[in-house]
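One structure below.
Chain naming follows the written order as A, B and C, and within any one chain the residues start at number 1.
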Amino acid sequence: MSITNKITVKRAEIAVAVILALCSIALMIKSAENRITWNAEENMGAGFLPFYLSLGMLICTILTIIKFVLKRSPQSKDDSPFIDAVAFKFIAVTIISLVVLVLAIGYLGIYFSLIFFLAFYLRYFSEKSIAFITIFAITTPILTFLFFEWMLKIPLPQGVSEPLFYPVYDFMYGGFSFAVKMIFIILTVILPTVLVFLTTRFIK
Amino acid sequence: MSIIKKLALVVVSLSLVAVSSVSSAKPFSPKKPVELIIPAGQGGGADEIARLVQGVIEKNDYASKPVIPINKSGGSGGEAMTYVKKKAGDEHTLIITLNNVLTTPVNQPELGIDFFNDFTPLARLITDTFLVWIATEGKNTAGVETFDDFINLAKGNGLVMGGTGSMSEDELLLGMMRGQFGFDAKYVPYSGGGAVAKGLVGGESDFTLNNPSEQMGFYQSGDSKALVMMTPERNPAFPEVPSSYELGYPDLEYYMMRAFMAPAGIDAEVEKYYTGLLHTVYHDDEFQTFNIDDGKLMSWLEGFGLKDFLAIEYEKHGEIIKNFN
Amino acid sequence: METVGFLLDGIFTSLQWFNLALLIFGCLIGLFVGAMPGLGSVNGVAILIPITFIIPPTAAIIFLAAVYYGAMYGGAISSVMLGIPGASTAVATVFDGRPLAVKGEAMTALTAAAVGSFVGGTVSVILFTLFAPPLAEVALRFNAPETFALMVMAFATFVGLGGDDVPKTIFSILIGLALSTIGLDLITGKPRLIFFNIPGFLHGINFLVLAIGIYGIGEMLWTLEETKGKVQMSKLSVNMKEVGRAFGALKKTIMAMNIGSFLGFFVGILPAAGATPASLMSYGITKQLSKNSKEFGEGVPAGVVAPECANNSASTGSMLPMLTLGIPGSPTTAILLGGMILWGLTPGPLLFTQEPEFVWGLIGSLYIANFFTLVLNIALIPAFLMVLRIPFAILAPVIFVLCVTGGYAPTQSLHDVWLMLLFGFAGYILRKLDYPVAPAVLSIVLGPLAEKALRQSLILSDGSMGIFFDVSEKPIAAVIMYIAIVLLIMPAFGPLYRRLFKKKQTA
């Protein structure tokens, strides 16, 4: 018996409801750090709304639990697996790779992390050739860089890879003519994109 | 396949060459775009100055890399200050100040911000002042012509004051005036100077303590009028508005400073570069004209003068907050 | 009718070749930026402000208007094609746009969005030209109690949106509202719900973090489970027959266009409301008034037209409080406002009389931008549709990249990317258990506006809720409030009434 068969919709429903109830209680306690009263002398305290909103959340989850116990909700009667084994593997791989990606962004910076993420993800889920994956995994971060840092001037995290980008910035804001920069863009973006198209056509 | 290998080789060797060429000793200049952190939202006074500075630098090529304004408005500047604190030693981060950099470390001690050791003050460019505004046709302030009329009226009646947010400059000022003149008012916080000004003219509040530029539109159209300016002298942009010194209230003096700071722990060389850059911006004609027309005071201050000024202001704000609570 | 003269001048100015080139370029940038999740017109406009120091103010404002309008259209593209609302104004577009795309009718959805936007933009420019000065007066009288009443009405129009499970629907609304209270409390100046003292919570939870999490990450996980990563996102065909069908479907959306255009404009001119509540209310009201309201949410063109029409109409409308009162209704208008001040223009009641060329030039260029974005949009539909041809295994990582960058960009904080992942995962699990997620997104969008207005009003009234119901003191607020209450009660009584009525018939 695999673990995915043991997690039935029924069990998931009650587990989630209990977790949400606990979250609501935590939220109520956290709200109570600010004043939660509202009366004629003092205006509404900062904690009033979050406190009563989370109280409402708690009541809703309790109602869900009651419905579950009375077997009034469709989930309370459902003994089928919450998720099947194949899908579970896909979802788990996706979530773990995303978590690793965000962890890596904090250290390695977004551009290099994306290369590894894309390479891994495409290799795992698609049946594309190594050539395609390589080009795709390198072009996407380049495009991201050009779009965010050059066009929109939104700096994305670079982590330890930051010094590698200094020469690129020197080039971007240096005294090169418009034409030189355009040629650069063509070389870094259009060339690999064309390569991708070619590889999809000719390399299986 | 071999093409890709060759390409990769070229890229790698290029970047190696580039990296090695950077590390030669030269006077500092930014190696990447400089982040200018704004501890307030888009469209406010600090945002306006930050984007003006960005525009002036970009237009005249004053710096080799652009300046990028980034709004971090959370927690009355708390978020921005925590961010800059964490960036200690970073040579590509600046922060423009509102007075919330003086009040937030005191109001939110849990952030652990040490105003004097977490930042490197660079220069003060501008000071902005505050005026007491009423609506020309305000129903509760009818017949008020002078600031003294206003004080007398406010003492008896609970007037409503529109402000930019609790514990912000204008509420502290209200606290100051409460101590000085013995009147209190109901404080309604809005989400920005523009909304405050509109609330006044729309009849929701009876008076406000706005910056000059925030009320400029309604002032010019005659919908609102100023009773006093909290400075020693009159301002050329508001020639008929008396200063608080003229009216005999020299204690009623308050400024909003627009200064720039860098994170702590940067080299003297870097500090010198940014102060020089700001000095160039300060003396730019466009920058000067815009700010003077907008009723701001051009008030360059750097080095020890600035440090003294900040120390005095920090203490003064601490005092105001203490009295307020 | 000298305003018409100024407006025509504005339109002709926009049509000069230099300005026109800028305008088309601006529309394209706007479309692109708007279509990226997490980025919106605010990014486009902010980048361009420094450039506008170099080109003359008229050209600058034309450029900015084009970006603004382009981004409004662009938001719909990502709502339909990726299922991620590109901006808060496009949240309601997801509700029906996405199902249409999944059904293989992306063409219809995109056409409906483009034409709806164009109609909304046109109607609002006409209304603006005819009624701007008197409406400025209305906007001035629209204060905190009125704003709160309007927010209640916006919520009321959405009662029918949730699922069948009442406690789960209410839970979803409440958690959205509760999440929206995180951050600094404007009224008391105190930080609230800063979990574990993480500074990232100080700026609160941006609606985009939740929306990208739920609709981006969550939706991808959902699709991954359904398809096991093997199929294409949807089937589609582009040929002349499809084009004809797409336009044919618009005939049934005339009511949605009317509601969207007029409601959008009037909500848009109200300070602090803006295009987001306008598009949500337009969707809700169209749904309630529609004969086939059951089909809303499963992919009907009217469900795309209503919000798109309203958000474009409202974005023109929201120029009014910005120009006459100096109040920015959105971050974008805040930056535009900053730009105006830098160009030496003073927003305020006098702007219309002192700088008519500027004001009407802006409106004229908005109109031309509207037209060109429509043309560009229709022309580019085949290109957008190519997105759907990309195999899922390749599209999925690209969408994850877009989600990560889109979650990071608005606040420049990795903290928000983590939250987005968390919301995505939680949203996926909750959705599997029949918790509706749309109400949470709606309430995190409207929550902060509603809370602020409520508490400002309560300060003014010394804590009495009577301020919202007093017809003699605050007639506008009271009337809106009563309408809202009727709207709230109606769906509850509707089925009851129908049941009683039916029983009588059968008896």
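The working rule: contacts are C-beta pairs under 8 Å (C-beta built on N, C-alpha and C of every residue); 3 or more make two chains touch, one makes a residue touch a chain.
Keep in mind it's a predicted model, so treat the numbers as computed, not measured.
Trainee: By CA centroids, point me to the most central chain in this structure.
Mentor: Central chain is C.
Trainee: Report the chain whose mean Cα position is at the greatest distance from that of chain A.
Mentor: The chain farthest from chain A, judged by C-alpha centres, is B.
Trainee: Looking at B-C and A-B, which pair shares more C-beta contacts?
Mentor: B-C
Trainee: If you average the Cα atoms of chain A and of chain C to get two centres, how far apart are those centres in Å?
Mentor: 23
Trainee: Whole-Å distance, chain B centre to chain C centre, using C-alpha means?
Mentor: 31
Trainee: As a quick test, compute the distance in whole Å between the mean CA positions of chain A and chain B.
Mentor: 35
Trainee: Residues of chain B that touch two or more other chains: which are they?
Mentor: Residues 66.
Trainee: So which bits of chain C are touching at least two other chains?
Mentor: In chain C, 185, 187-188, 190, 412, 459 touch at least two other chains.
Trainee: Going by the touch rule set out above, which residues of chain A reach two or more other chains?
Mentor: 153-155
Trainee: Using the touch rule from the top, collect the residues of chain C that touch chain A in their complex.
Mentor: It comes out as residues 33, 36, 39, 43-44, 47, 165, 167-168, 170-171, 174-175, 177-178, 181, 185, 187-188, 190, 192-193, 195, 217, 220-221, 224-225, 228-229, 391, 393-394, 396-398, 400-401, 404-405, 408-409, 412, 414, 417-418, 421, 425, 428-430, 432-434, 451, 455, 458-459, 462-463.
Trainee: Quick check: in the complex, which residue numbers of chain B touch chain A?
Mentor: Its residues touching chain A are 1, 4, 15, 18-19, 21-22, 31-33, 35, 64-66, 68.
Trainee: Spell out the residues on chain A that touch chain B in their complex, using ranges where they run on.
Mentor: My answer: residues 131, 134-135, 149, 153-155, 162-167, 169-170, 173-174.
Trainee: Which of the residues in chain A come into contact with chain C in the complex?
Mentor: 9, 12-13, 16, 20, 27, 30-31, 33-34, 38-40, 43-47, 49-50, 53-54, 56-57, 60-61, 63-64, 67, 73-75, 82-83, 86-87, 90-91, 94-95, 98-99, 101-102, 105-106, 110, 114, 117-118, 121-122, 125-128, 136, 140, 144, 147-148, 151-157
Trainee: Under the definition above, what is the set of chain C residues touching chain B in their complex?
Mentor: Going through chain C, the ones touching chain B are 42, 46, 49-50, 53-54, 140-144, 183-191, 197, 199-204, 271-272, 321, 325-328, 331, 333-335, 337-338, 341-342, 344, 346-351, 411-412, 452, 456, 459-460.
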